[in-house]
Amino acid sequence: MKSEAKARPAPRVRGRRLGAFVFLSPGLTYLVVLLLVPLGLVLSYTVFQRGRFGGVVYEFTTENFTRLIDPLYLGVVGNSLRIAALTTLIALLIGYPTAYLIAQLPSRWKTLALVAVVLPFWTNFIIRVYAWIMLLSGPGLVNSALGKLGLGPYELLYHEGTIVTGLLYSYLPLMVLPLYSAIERLDPQLREASANLGASAFTTFRKVTLPLSVPGVLTGCLFVFVPSFGNFVIPEMLGGSKSTMVGNLIRDQFLKARDWPFGSTLALALIAVLVALLIVQAWAARRA
Amino acid sequence: MLKIDGVSRSFGSVTALDDVSLQIEQGEFFALLGPSGCGKTTLLRIIAGFETPDSGRVSLDGEDLLSKAPNRRPISLMFQSYALFPHMTVAKNVAYGLERERLPRQEIKQRVGEVLETVGLSAHAGRKPAQLSGGQRQRVALARSIVKRPRLLLLDEPLSALDKKVRADMQLELKRLQHEVGITFVVVTHDQEEAMSLADRIAVFDTGQVRQVDAPVTLYERPSTPFVADFVGANNLFRGLATGLDALRSEDFGMLAGTPLEELAADTPALLAVRPERIELADENAVRGMAGTVVDVSFYGGVSHVSVDVPGHPKPVLAAVQGAGTVKPGAEVKVRWNAEDAVIMADPQ
Amino acid sequence: MRRSKLLYVPFWATYVFLYLPILVLVVMSFNSGDSAYTYEGFSLKWYGELAGDERIRTGVVNTLVVAAGSTVIATVLGTLLAVGLARYTRSKTLDALALMPAVLPDLVLAIGLLVFYSAIQLTLGLYSVTLAHALFSMAFVAAVVRTRLTGADTSLEEASRDLGAGPVVTFMKVTLPQLTPGIVAGALLAFTLSLDEFVIAFFTIGNAEPTLPIVIYSMVRFGVTPKINALAAILLLVSFTAVIAGQRMTRIGESRAQD
């Protein structure tokens, strides 16, 4: 009896340990080998020198960081920040009214309108960008339409505005979805209460709906900003050689210039900006 | 004076309001009472401006209300859910309506302070709604509604979200406030006790129509329609034919004593209603009364309810007696009442 | 409540913005002329050209191989990880680690994997892309399965353990059947994400025969032709069908799990 009572908890504990091992170790091993080790390598490369034909020479240097603060490269980072911020702002300005209206549609239309916003997102990314080349290039649809009005042709591709258009087209659904869920959750009686207390529709929006949907605004902005900031495909396809973003720079360092240490340093800068942004976002979300 | 004139509203095939007309006097405490889905909330929302009637007119002191947007009506609505703005403090919630009137900052501050004092929440002015109890939230909602000094205050099920003890307190509080501020109160409720204890007059609603409008006591003692007799309070109901006299002819029980509320032609279908507290339990050998068997005695503190199974009557007859009942289940008794204690009304079905 | 008519301007603008390019893309794929800019008449010739294009055929096969392989790895690892995180640990750090591949910019994952593969001197090819895709797909599968796990009833698992079943038997007989709709949804998501993925594949494919998104990328850089439009139209059709079918399947799966 005694020994049985004593032995009883043991299988449970052993079971838990076994369970933790069986379930957690495969995935965690995968994450360590293919995520943490690679990121560690990238991080370590930032203080080493480049090899002559790519790769690294394991000799300490701070040269990569001195190069990073060169106005040429800082300018590119600033450029990327501006483009990503502009994209986010426009996405918010057209995404908010859209999400607001969808949230107030009768439920039958609501689902349809939501699916319609997300659907283009599930088509090939490169093809979505290609569509804009087709529309905006020299003999493209927009120019031929303008030509019928006796205008143009204009050089519509290879501007910063083209990059913003492409980013906006790719990531707008990521703005609408979190906004929709934040607005849809609001109690409609709050708006009625506001009207009952004498507020106009606009005041109700400004004083009640908007402040209560701030968490959705923050999430949406983050969802659009992050992929825009680190993008290299859209600037390359739509922006031509004139305007470069951090993503292009990183890609070139790895695949063309073969300067992996400097490329890693740029990637570190990219992550640093995003982490800083996440911290700001978390702080703002807590205040809201 | 709030005047509702022939208001109808249907949603698809459902008729929520069917030609409703009411007049509510200045300074009155008025209740719209009815089971859920009877249309009372629709009427409230029409008065507040969140619904539009299909036909009919609503005016306040002779001024047409329906042409005005909800935010331009001199009417406050206290929502059943309270609808407090979760991102604003108590003081901000209360000040919201005054800020919309663009009053001077000093005046807003003063009036908010006063009203919070009135509802006893001065100490909580800086809290957010989530930090308050249910009763406190209700007080904030009330303060937010009356601080605008509306001509009419609508209350949607004001006490339904509160537990029993707080309810009794708030009931008194509402009455006191109504006396103090002198605003017309219109309360919507499905709870007859709430309506009876609060209101000066009650309109009983059923399937989109007003069945009776009267003071609580009259409503209780002189229900004029079968629906009201059945819905308001416990009642013993007997069906039969009018006699033209102070009695109802029942197929199963012969002549039953009662007072017709209006002249009823002999042999028209009629209903007799008698309150449990008006029923007298007599000895089985008594000359007058219906013979029956006691099936249950329930003690409620002040009174006891005695259920008497009378052969031929679908439900046991309920009698309320003072104190603990002296009869026991199984006892043979006779139930009876006086003609002036029972009412006879037309029974259209 | 009345809404301002002005609100409808950005609302409709959003949909026009989202669908006009797609519409033009599809219309131009039926062009009988050689230009992707001026419509000359209806023809299916570009679809025919497409079918005869060796590079695209190889690209499609490669993409499917990568998507299938990475989905299998990601679904197995992601499901185990989700159960492990939900039932056997309370660590916030591990939670965050599991989500990281889904949150990090694809470019960062891509260079990390490139650096790692070259450090261990792995010859790049389809399998290196497959392993890379499994990394972020695993994060998505784990996230989807976890949302189902938090909704699931733990007392069933406890009852199973109480009746003497070990963690593995409990998982196979009790947990797994409850999780099936989540796992199916996660696997579908993983498959779709992999089909579409460009950046990581671009960095980790090396000199091997590329996947379809990379083929499209180089075609587009080479010039604009209606052949790309035809390919785009087919891919659109596939994606739309998959999304709608996916929604149906999760809905059926959920209603079945409730029975």
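Chains here go by letter, A, B and C, matching the order in which they are written, and residues are numbered from 1 within each.
In this section, a residue touches a chain if its C-beta (ideal position, glycine included) is under 8 Å from a C-beta of that chain, and two chains touch if they have at least 3 such contacts.
Because the structure is a prediction, the values reported are computed rather than measured.
Chain pair with the most C-beta contact pairs: A-C.
Taking the mean of C-alpha positions as each chain's centre, the chain lying farthest from the centre of chain C is B.
Here the spacing of chain B and chain C, counted between their Cα centres, is 59 Å. Taking the mean of the C-alpha atoms as each chain's centre, chain A and chain B sit 57 Å apart. Averaged C-alpha coordinates put the centre of chain A at 17 Å from the centre of chain C. The multi-chain contact residues of chain C, meaning those touching 2 or more other chains, are 1-2. Across the assembly, chain B contributes 50, 69-70 as residues in contact with two or more other chains. Under the contact definition stated at the top, the residues of chain A that touch 2 or more other chains are 192, 195. Touching chain C in their complex are the following residues of chain A: 12, 15-16, 18-20, 22-24, 26-28, 30-31, 34-39, 41-42, 45, 55, 93-98, 100-102, 104, 115-120, 122-135, 137, 139-141, 144, 168-169, 172-173, 176, 191-192, 195, 201, 226-227, 229-233, 237, 247, 250-251, 254-255, 260, 263-264, 267, 270-271, 274.
On the chain B side of its complex with chain A, the touching residues are 48-50, 69-72, 75-77, 79, 81, 83-87, 96-97, 100-101, 144, 148.
Those residues of chain C lying in contact with chain A across their complex are 1-4, 7-11, 13-15, 17-22, 24-25, 28, 35-38, 76-78, 80-81, 83-85, 87-89, 94, 97-98, 100-101, 104-109, 111-116, 118-119, 131-132, 134-135, 138, 142, 161, 166-168, 171, 192, 196, 198-199, 203, 212-213, 216-217, 220-221, 224, 228-229, 231-232, 235-236, 239-240, 242-243, 247.
Here chain A touches chain B in the complex through residues 187, 189-190, 192-200, 203, 207-208, 211-212, 288, going by the rule given at the top.
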